[in-house]
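Reviewing the structure listed below.
By written order: A, B, C and D. Residues from 1 in each chain.
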Amino acid sequence: MKTLAVMTAGGDAPGMNSCLRAVVRTALNNNLKVIAIHHAYKGLVEGDFAEMGARDVGGIIQRGGTFLESGRFPEFVDARHQKEAIQQLKSAQAECLVVIGGEGSMNGALALHRLGFQVIGVPASIDNDIYGTQMAIGVDTALNTNMEAIDKLRDTASSHRRAFIIETMGRECGFLALISGIIGGAEMILIPEQEVTAEEVAAAITEAHDRGKTHAIVVVAEGSTLHAAALLQKLNEMKTGFEFRLTILGHIQRGGRPTAFDRLLATRFGVSAVELLLEGKSGLMVGLQGREIETIPLEDVCGKKRQANLEYYRLARMLAK
Amino acid sequence: MKTLAVMTAGGDAPGMNSCLRAVVRTALNNNLKVIAIHHAYKGLVEGDFAEMGARDVGGIIQRGGTFLESGRFPEFVDARHQKEAIQQLKSAQAECLVVIGGEGSMNGALALHRLGFQVIGVPASIDNDIYGTQMAIGVDTALNTNMEAIDKLRDTASSHRRAFIIETMGRECGFLALISGIIGGAEMILIPEQEVTAEEVAAAITEAHDRGKTHAIVVVAEGSTLHAAALLQKLNEMKTGFEFRLTILGHIQRGGRPTAFDRLLATRFGVSAVELLLEGKSGLMVGLQGREIETIPLEDVCGKKRQANLEYYRLARMLAK
Amino acid sequence: MKTLAVMTAGGDAPGMNSCLRAVVRTALNNNLKVIAIHHAYKGLVEGDFAEMGARDVGGIIQRGGTFLESGRFPEFVDARHQKEAIQQLKSAQAECLVVIGGEGSMNGALALHRLGFQVIGVPASIDNDIYGTQMAIGVDTALNTNMEAIDKLRDTASSHRRAFIIETMGRECGFLALISGIIGGAEMILIPEQEVTAEEVAAAITEAHDRGKTHAIVVVAEGSTLHAAALLQKLNEMKTGFEFRLTILGHIQRGGRPTAFDRLLATRFGVSAVELLLEGKSGLMVGLQGREIETIPLEDVCGKKRQANLEYYRLARMLAK
Amino acid sequence: MKTLAVMTAGGDAPGMNSCLRAVVRTALNNNLKVIAIHHAYKGLVEGDFAEMGARDVGGIIQRGGTFLESGRFPEFVDARHQKEAIQQLKSAQAECLVVIGGEGSMNGALALHRLGFQVIGVPASIDNDIYGTQMAIGVDTALNTNMEAIDKLRDTASSHRRAFIIETMGRECGFLALISGIIGGAEMILIPEQEVTAEEVAAAITEAHDRGKTHAIVVVAEGSTLHAAALLQKLNEMKTGFEFRLTILGHIQRGGRPTAFDRLLATRFGVSAVELLLEGKSGLMVGLQGREIETIPLEDVCGKKRQANLEYYRLARMLAK
């Protein structure tokens, strides 16, 4: 084997650059040539490639986003594009590929593997919705971003005996909302995995108010059945003792310098991905199980969804009291 | 003189606690007794008072918000409430008052002064919209909060060749949006003081795109004629080369630990306010002029609005290129 | 069971307050009375106790240090003091105890358990040197503090083609130094578990210089055989291409607001500790194994030392290239 | 005029990159060609130049240090080197120069001006020791770095009833130490401008201890007559009620992303410097006077030293009580 290609795909996540650095350096240390693919699957199909040296990844361990640029390219489900991709890789003498990205990106990686190209996936998604890994790249940084935002909102909430609804990312998986809520000391947390009514929220907040709390925080995942905006309207109509405001955290959750955890996880994932390719493995995704890096077949990852642990939900309810 | 009262009023701002610490310690050092008024003007009317010692303000220099709690109480324009307030102050033997707050709070302070009560105002408002001071308490912290948010959004914007509209606070004064935009490297900034059309924004963004920029940032003050949401819709209809997303920073701008600048400013303001009261002054607001703390009559502050310096606007336009 | 006591002991660690909050709230939710012990084992012996309500732990999840104050009290090895402690606990009707602290504190907890008092230990130590848990409270925050310091030093090192030796905490365990080095992109890392000579360091740095690196970072654990100050002198005598400076991170590593990871870990540990006491368990320490909270007998914890994983050492060496 | 050259020199300071961005963009907007000089005065003498486009300064507003690299080159006092420098500038068709740096760098700029080359200086120094400007680039960021470090040390000091001596930069000017001490709530501050004995420090700390303070912080400028290490030894010999530890903040004070204040100041300085050159001015340094950018002849800057305002010293002493 002589040449390895690497790309980031899907939504960006803090730590992707740390992972790219680890992939490039591990490959170079093993005397591989490294080709970077710009603009994700679209760039792969179009041959938007550049060779990488060790210095090209100097000074990027701490940068948010991905310097290769990412993007969604749903057209890649088309087998014609998949074949073009393999053609491009072969023209560049690339014999194997690392794909760093979310669940959609793992689907693309699986397709290439099925067409006989050697590929390893690395999970990166601030939502932590990828099946087969306890933590994806970017989750810890997003949790810290949310925590800091909630800490700030609590400053002002406490100063005014006010309450905030905070909408986090998480369309199908409530992990980010749930953990953000626990570490932010939220009174209630709404996630896709657990139905809650506005009346239940109001009851919990009223109870908190009556126990003497000077503020209230409700964290709502983007994909919760009861939407944040609808909840805001209802809570302000009911008598909870607090006036509610809404803050949508939005895309700031995707940015920022990666935390210690994300840099280490991304580094370990990147090293493992290259080592697996050197061992001749393909069609696998690396994942964190406990403190260990393990692998799972891409076939088992795709089409499945990781769900938030409801044990955390119980914890959050108890600690709010 | 024996007893000094102090309160925070209006929207909270980071640094209010640092200012309270300075007021309390300076007063105690001058052998004054200090009474803290909880819940702003409402607490003043209701006699929600507590005596303060030096240790009560230990460990608060770094905390966001205000530990005395704040709030709006528009009813205070009523002369009856103003007289009740003076009655409450007199019952507590308080002979003078420091009011830390925004423009509305300075109006209340002026009313008390006109009724013969000795009062000094201290400007605190993240919007920097208070006439008579170049910087109010909280502005520098809010600027840093916005800067960090924009830095994060730029990470993800660059990774996806995307563009963001970022709405900041600022109903009548564009200072916060303007400076946030300059230090965040924004391509366009919309403020109440300067009318801009969606077409002009689109032209600037298109030009930036054609010059090779991989992302675009537009900062919009809450009080800009062209609202952020309306601008979003229009920009995504026009051809700028970028897909726009909207992020409303909201109340996170009010929170957070005060920065070095805000701690120092709040401390200096607090010391000066007490020293002015000791000199027998009343009806004044302290303000920053250059690096010096100066005073301005509350009569000259109330009813006026500080406006953003349009020279900064010109700067921002030039640097975006 | 009616009354639970809780204390923090040994060196403070960020997250101790989050853990105290979880212990108090879980206990109150289970209708236990909670007694806080101030000043660690010394306060325990002297009966420095106070009853805690739910509001007493409001607003502390985000604060560094421990609001109960901590401290070392080596005299507690004396059986007389141990008996006095149990006497004090009994006088206060306390029937069980949670001890949050480092290895020394676990020894004290074990002694009380052996004397028949029901006790559960919770590991907290920024060094991550406690046997029986993969992560102790405070480690993740310390890693992020070190990472930010190294990022800052790299800014200035890169601007001057200079090199830094950075001394971290870690007397017997190199975990903190090792992970700080990996996530900070260090060229070399010196830990107690792995002997390295100044000549080997110089060779690695010279090689990095010759490969074109514009700066170099060497991280040295406090307990490394080759001390940071000695290494500084030697490196500046040898020809590496860089001029070295020394920065001792010191006690800033112990402070700061706990990170998301530490708040969650501390919260889970605190809840588990109380639940174990409610189940009648004693003489155990909670620990993190993978993502799960498990228990280990205090007997197995005491006297043993967790060591840094040398696999990380190999990783660090490879990535430095 | 057709070509402008720009360099950073002396110790690096956060915001130098923001200033470079402003210089380059302002120059390009005025149809000047821009040449960057790498490695400061040494690079100037050796002709280490590169042409800059607008995109070369994209994404650098937020980076610490200086991407042009800096360094000291005392040999530049030699007139021969000065003439070589002008020769190099002329060979590159450069007709004017912006020098961003500290006091030593302003000396070099003055020498070039005296030899007839058009030059404008921009003050950058975390020590804030440059005569002729109230704030230099980098000071605000360094203050915030020190503030965060002191906040962390106070967490652990409070948790252990311990005290810290914190050594900051500042060889001849105590500004950084003085303001860091005020905003960090220090009990005592030692600066070069104000002699204090160990006995006076001990008396102040003992008094603070007796008033009930649970920790003590002493900030000592590097250039204080009584050195931090000597003070440590003396304080631990005297009876103050506290055990003291020493933390030397060191080079972390130079790094980090520039704050809002530094980005704005650096941007304004950079724009002004180019505008002054366009107006044909030379031999001036830009400076902040109040909120305005003004100029001062380099002749008046060189050889003088800005001193810390002793009014702040009085403030610090009073607030410590």
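One rule holds for everything that comes next: a contact is a pair of C-beta atoms (placed from the backbone, for glycine too) under 8 Å apart; a residue touches a chain by one contact, two chains touch by 3 or more.
This is a predicted model, so every value here is computed, not measured.
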Each chain counted as touching subunit C and subunit D at once: none
Of all other chains, the one whose Cα centre sits farthest from subunit D: A
Rounded Å distance between subunit A and subunit D, as computed from the means of their C-alpha atoms: 39
Centroid distance [mean C-alpha coordinates] between subunit B and subunit A, Å: 35
Centre-to-centre distance between subunit D and subunit B (centres being mean Cα positions), rounded to whole Å: 28
Overlap residues in subunit D, where contacts from two or more other chains coincide: 151, 154, 158
Listing of all chain pairs that touch each other, if any do: A-B, A-C, B-D, C-D
Residue ranges of subunit A in contact with subunit C within the complex: 18, 21-22, 25-26, 28-29, 54-55, 58-59, 61-62, 134, 140, 143-144, 146-147, 151, 154, 158, 179-180, 182-185, 211-213, 257, 259-261, 263-264, 267-268, 271, 289-292, 315, 318-319, 321
Of all residues in subunit B, those that touch subunit A in their complex: 8, 12, 14, 16, 63-67, 69-71, 145, 149, 151-156, 158-161, 164, 214, 245-248, 250-252, 254-256
